[in-house]
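Heads up, the next two complexes both have subunit A, just with different partners, subunit B and then subunit C.
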Partner chain A sequence: MRFGSFFKNRQKNDEQKQEHPAELKKSLDQNLAVLKQLMEEPNDLVIRAFSLGQTNYRCAIVYIDGLVDKQQINSNVLKNLQLFAEKTDLPNGADSVLHEMEKELISVGDVIKADNLDEAINDLLYGSTLVYLDGIDKVLMIGMKGWETRTIMEPVSESLIRGPREGFTENLRTNTMMIRRQIRDPDLRFKTYDIGRRSRKKLVVAYLEGVAHPDLIKEVNRRVESIDLDDAPESGFVEQWIEDSFLSPFPQLMNTERPDKVSAAILQGKIGIILDGTPFALIAPLTIGNSMQSPEDYYERWMIGSFLRGLRYLAAFIAMFLPALYIALLSFHQGMIPSQLAFSIAATREGVPFPAAVEAVIMALTMELLREAGARLPTTIGNTIGIVGGLVIGEAAVQAGIVSPIMVIVVAVTAIASFSIPSYSVAISFRLLRFGFMLAAALLGLYGIILVYIMINIHIVNLKSIGVPYSTPFSPSFFRDWKDLVLRAPITMRTRRPSYLKSDDNKSVNKGET
Partner chain B sequence: MERFEYADNSIGDREILVAVPSIVIGVGVLSMPRDIASATIAVDGIITIVAGGLLAILLTWFTAKLASQFPQQNFIDYASLITTRPFGIVLTLLLAVQGFMLAAFETRVIADVAKQYLFDQTPYGAVGLSFLLVVVYAISGSRTGLFRLNMMFFPIILIISILVMLLTTGLFEGGNLLPVLKTGVSGHWDALKQSIFSYIGFSFLLFYTSLVKKPKNVPKKACIGMSVAVFLYALIYVMCVAVFGNLAAGNLLYPTIELAKNVQIPGGFFERFESLFFVIWIMAIFNTTAMAFDAGVFALNSIFKKDRKMQLIFLLAPLIYIIAMLPNDIAEVSAFGVFVSYYGTTMTAIITILLLMIARWRGVTKQ
Partner chain C sequence: MTVRRCFRILLYLSMIFVLSGCWDRVEIEDRGFVVGITIDLAENSGPDENKVAITNQFVVPSGLGGPSQGGSEKQAFANLTASGKSLFAIEREMATLVSRAPFLPHLQLIAVSSELAQKENLFSDVMDLFIRDHEMRREVDVVIVDGEAKPILDIRPENEQLPVMHIQSIMENSFKNAGVIQPLKIGELHEHLLNNRSYVIPRMIQNGNTLNYSGIGVFHGDSNQMVGTLNQEETRGYILITGEQNGGNVKVETDDEPITLEIMSINSSMKITDKTKANIGVTVNTEVEALIAETFGSGNMTTKGKMKELEGKAEAKMERLMNQTIHKVQEELNADILGVNRVLNQYHYDFWQEIEKDWDHGRNYFRDASIDVSANVNVQSSGAADQTKN
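Right, the complex of A and B next:
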């Protein structure tokens, strides 16, 4: 019954919405009445009606409390308008008065005249201040947004030792500002969209005109335009809406909190997607080579950068294969372990009641649980969880004879390796694949591992990120791009943008060549 | 630069360059030194390997030349153009059968070798089945993807082969290579047949060249790719003979894997290198099998007007599995291998040369 009435109400509301006259009236009272009726007078809607100085012109300013900078409104709008009478050369007619207000009286940079109610209300909800004047069906929208925001802080999920310390915030303007400050190029484009039927969040597609490939720009814009959600609370929604394949364990767009990462990608000819309300920006396209890159590779000198990157590839290998190799070697190919090591493993495994596969799955799952618990808890308690989990449970499990010490080493090394992968979402998909490898190893040993490896490769070569093959630059191979793959070539040798992006303006470093 | 458009799906001649050795290098190389060493004396087999290789390169050139004369046309289209439509269908079927048989053979050998070197308890049926399923997964994807897989796996295969040879240089005994040039003509003839057979697979160029946008360079690139295979074969053969001696090499079942068995890893953090070698070699075998199966499906599919790729794959995969599991023992498997090689080589050679000659004679060119 209640549900029925709820839906009825809902329907009625919809009908009412459709009925409402989506146009501005001439009379101020009517306008305000429409506004009140539309929003049902919420208590954060501030309507301040007054007359223009000593004149008979009545006007009103409307804003939503909390979304605007009240101080500025008072000093730059309200005050100026109320002192209107001091002006002597008063123009005649509401039209010209409004014009005068727009041009002269309101000391704010961002003033737009609108004659459409929908547009005005959208802007009102986004933090604009509306100025109505009696006798004209137009309204001024003053952009003086100001709300409580988080200050710029160091990105939590991607910390660097060397590199800029600022990270994106939840405020779109701050974020675009940070990119603008890195790329002072008039060709930098910010294409803005409203995402979400109800939430109407701003989304910015950022790219460099003449550097990013036109087809890529077109494709990203086409996909962003197709988004039709009630709300996109986080850029993850956008990512999942526009990605190429939802059946893939691999992320097809890079997400990052770092402005330097986004601007570097834009300069390469990629496209950044920034959503209001989240510090995580997206970078498209993402290929397999990118998943192992960290901005720090470029900030440190090239030898160090190359070494760190090589280390990371090793880490990726360990994170994916080590437990599976342990299972395969112990249950199928004991002969491959050198005899000394085999004896010591056999000695430590004495009394362990489970086969290697069960042992490995128990420990790997425990590790995942610990990680998850640590991530969900406040930082201080999270650390405790690490100590309790890592040391106490590990030690106790060995003492109790549930797992062997070697297994604890394997799981610990795997966990450390998976934490050293720079991108969280890549690391998590590697961890997911690890379980696939473990299952294959338990069934078919090394043979199973290589089959799963081949399957992952098959998947990767068929996968695309915004139309760019995921396996680039390995295959289709762009040998020039290999300078920035495992080896990070010196800055002076990396003279070109990645060739798979087919940028029109290919050169990124000018060494005096023509 | 015009080779790869943004999100383009076609393949280039570089992909062909890698695809040719990827197709050719498969299970053949694992047993190849045995067949050749048993027919020749000391290291004389290298002559036949190179001679067979040159012949194979020549045939590759012919196939690629024939196919590249008809850019972006399927084999069936230009075969029908040169001869007649029914004849074209027959030729396509004959070549498609070769692909399926090669795929079946590779599947069977991989199951046998895995049983020998990786696990002795798992039934080879399960091993072969899991392998074939992965192959089916691969060819259900895009054809471009297959070529990209070749590009990804081929360097790994080259690296592991070179690694094996580098790590066994300590066992290299020059004395095993002598005396040279003592093999009679009949011995060379036997070995030559074996050596040509280990190069089968290049006939798929007849189909895949149609995917290349500008196939002008395909014959050259295909020949370069083939020479890589010839070079690798010759190197492996020399190493096998030098390490084992001709007699032992001629009696080992899989001399190439046995070569890997002799690898001593410095530091000794794991043993039995041959298991690792074979596991990585599975990628090479996978490439061959996937390409062979896909070429067969590609050929059959071109007969139908509608795209029936998926139906064909699911229809043919069980068939291939059954054929692969038919031979009862090693002897029957190698007899099957000999048959596949004979069939493949003669079919490809005859069809290619016939079509080239008729095309020249009737003056058929691109439509």
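Right, the complex of A and C next:
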């Protein structure tokens, strides 16, 4: 009963909201009254009413304190309107005056005339300054946003030794600016959406017209349009809304803090999705090969790049399989270990009360706990966690006879390997799969590992990212793209954009050709 | 999800377990790693009934000690003996004697006593388990021990903790010495057992706490029984004839100065020159590349005359070694381990068909075959220095 009435009330509220008079009136007082009533006069709403010069035209400036650059408003809008209006001959009629104001008096670049209150309020809440004039049902929206933002800093989650040091910020404009600065091409498109019923966050879909495949653009836009959330505080919400399969452990869109990564992807024919309020941009589509790439592969010379990438594939293998192989070899296939090693492992496991599987699960879980604790804590305490973890895992657990020293090495190598995968979200899904492998190894040994491996492969070849097969260019095979897969061919040899993206303009390097 | 689909998924899941063959989960510390096995004739073995005694060397991992703990007081191995008629039954019986069931994939060495090897057909019967059983590897070394085999598992090596590992490293260093042959793997032994040719197995002599890996045991292909042994000298001749192995050394006397040559490579070829039943003529050509390893005299080695003389002396010595071996295998042992039968089989098949039945048994054509040897030594260099003293 009570709940019923609660929902009824809510419904009523919604209806009331929709009933509000969303129209601009001719009278200034009425307009201001509507505005005040709509927002219930919050104290960060500033309304400054005055006369235009020494004429009878009354006008008002409305803005939200904190979202606008007050100094600019004073010098470029208020001053102009109050002082300079007397010098010019103002035409008759509010319509012409407003036109005059837009054209002459307000010395700001971004001025839009609007006749829709909804639009005006939306802009007001996004940092626009509204200029009302008595006697006309139109309003000028002046874009002079100016709020406190974080400065551009080095990306925290993806640092490089060589490469640009700037990372995205929470400010959408700064982020689009950074991409613009990297790609000075008139074909660069920023398609803007408002995401969230209530929060109305700006979202930008960035791509290169003529390079990205039209169907891909269409599909990304269609999916972005379908987003119907109250709020998208982070691009993760967008990612989870538009991804192809929510049951898959693998991320289907790449997220990054690096503008160079996004612009490189856009130049390949991919699509960037940037959300206001978060430094993490999304790149679509993502393939399994991309998740092993780091921008540094391209910044360093090709041999170094190829070597580092090969190392990363090895790391991915270790991160997924090593504990499972340890279990399988120790519990099922002792004959596969070289004799001397088998004896010394048996010697170290003497007196360990748990089977290898339990031992491995204990250690892997402890490792995950340590990592989680270290990630959530401030850096100063994080160091303590490192020491405690090192002592607990490295020394005490062995001396207490709970685990064997070999297991410590296995866990440490696995952890290091999983940290060397460049994308955090990929690394974490690999870590997740590791437990699946460990379970399979504990039940069925190597046979179980192979079974799970086959299952994961079946899943990967079925998976798609924005309609692009996840396993490409391995399968479906595009052998030309293998130049930039495990090996990274010299730049002069990588003349084409990835074939699987089917770019209209697939040449990315011109060697004296027209 | 329909019932049908549920059923199908259950079916697939059950296949995982049903189609997987056999597996069992035994933790590594519960395995009794057997590294070496010796096979002897059991003491109560009668003349008609062959009972064998098997000794397993188990690794005691805790006795090995980690590198940080240094040498451990505990012994790193345990030897266990059981006897019976069936080897498999003995191995199973062994499981009841120790807390950790024998685990054989890490087996490194099978040592068979010469007494057992001399019994007709027993050797091949004993080897059957090691070739047939799925737990066994084909990389296990097989060796013949003079006398009783069991005591070799009890020697105390200087720098190894496991006697078997010690024996193995002794055998792996064999290339330094021309008096021994490469260790024989059980996979190769399987080949020998399958065809009827005579073969050799390396031999080991125990002398207190030291082991001497020298000479070979000669097995007759027909009965798979050890008919005799070749000593170190005779083994050198055998290697020169067959070219089975590179390495070793030859001591030569020139002008009362002993000079030791290090053999770098041996290439031998065998040809049939005469193929009548009455007289089968065989020539063996051995090309030897050698270096001067050591001289006991003074003087320059680089003169052509001196080199020629040295080579001539070395050739003469090698031919003598080879003839000595040929004499022994033809007259005494009656076993063609030199590979004449293989050459006949491969190049003179029709003729081989006629004499195969009576080759080194029965009518014994092998004994009557005349085998001529010639060695050709090429001393490549005088070593790192041409002269060390005046």
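One rule holds for everything that comes next: the second predicted complex is superposed on the first by the 493 of 514 C-alpha atoms of A that agree within 3 Å, B and C clash if a C-alpha of one lies under 4 Å from a C-alpha of the other, contacts with A are read in each partner's own complex, and residues count from 1 in each chain.
We adopt the following convention: a residue touches a chain if its C-beta (ideal position, glycine included) is under 8 Å from a C-beta of that chain, and two chains touch if they have at least 3 such contacts.
Everything quoted here is computed from the prediction, not taken from an experiment.
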On subunit A, do subunit B and subunit C fit together or clash when superposed? clash
First (subunit B), second (subunit C), both or neither: which does A:356 touch? second
Touching A:345, do we find subunit B (first), subunit C (second), both, or neither? second
Pick one for A:475: touches subunit B only (first), subunit C only (second), both, or neither. first
Which of subunit B and subunit C A:450 touches, first, second, both or neither: first
Name the contact category of A:500: first (subunit B only), second (subunit C only), both, or neither. first
Does the superposition put A:461 against subunit B (first), subunit C (second), both, or neither? first
Using the superposition described at the top, determine whether subunit B or subunit C touches more residues of subunit A. B
Subunit B versus subunit C as contact partner of A:215, first or second or both or neither: first
Have a look at where A:332 lands relative to subunit B and subunit C in the superposition and call it first, second, both or neither. both
Superposing the two structures on chain A, identify the stretch of subunit B from 129-137, 219-227, 255-263 or 327-335 that clashes with subunit C. 129-137
Residues of subunit A that sit at the subunit B interface in one complex and at the subunit C interface in the other, please. 332, 335, 337, 339, 444-445, 447, 451
Quick one: in the complex, what on subunit A touches subunit C? 330-332, 334-335, 337, 339-340, 342-350, 352, 355-356, 405, 444-445, 447, 451
Of all residues in subunit C, those that touch subunit A in their complex: 16-17, 20, 23-29, 31, 33, 35, 59, 61-62, 64-66, 103, 105-106, 108, 135, 137, 165
Listed in rising order, subunit B residues that touch subunit A in their complex are 1, 4-7, 12, 14-15, 114, 118-119, 122, 126-127, 130-131, 134, 137-138, 141-142, 144-153, 268-272, 275-276, 279-280, 282-283, 286
Subunit A residues touching subunit B in their complex are 213, 215-216, 219, 332-333, 335-339, 341, 444-451, 454-455, 457-458, 461-462, 464, 467-469, 471, 474-478, 499-500, 502
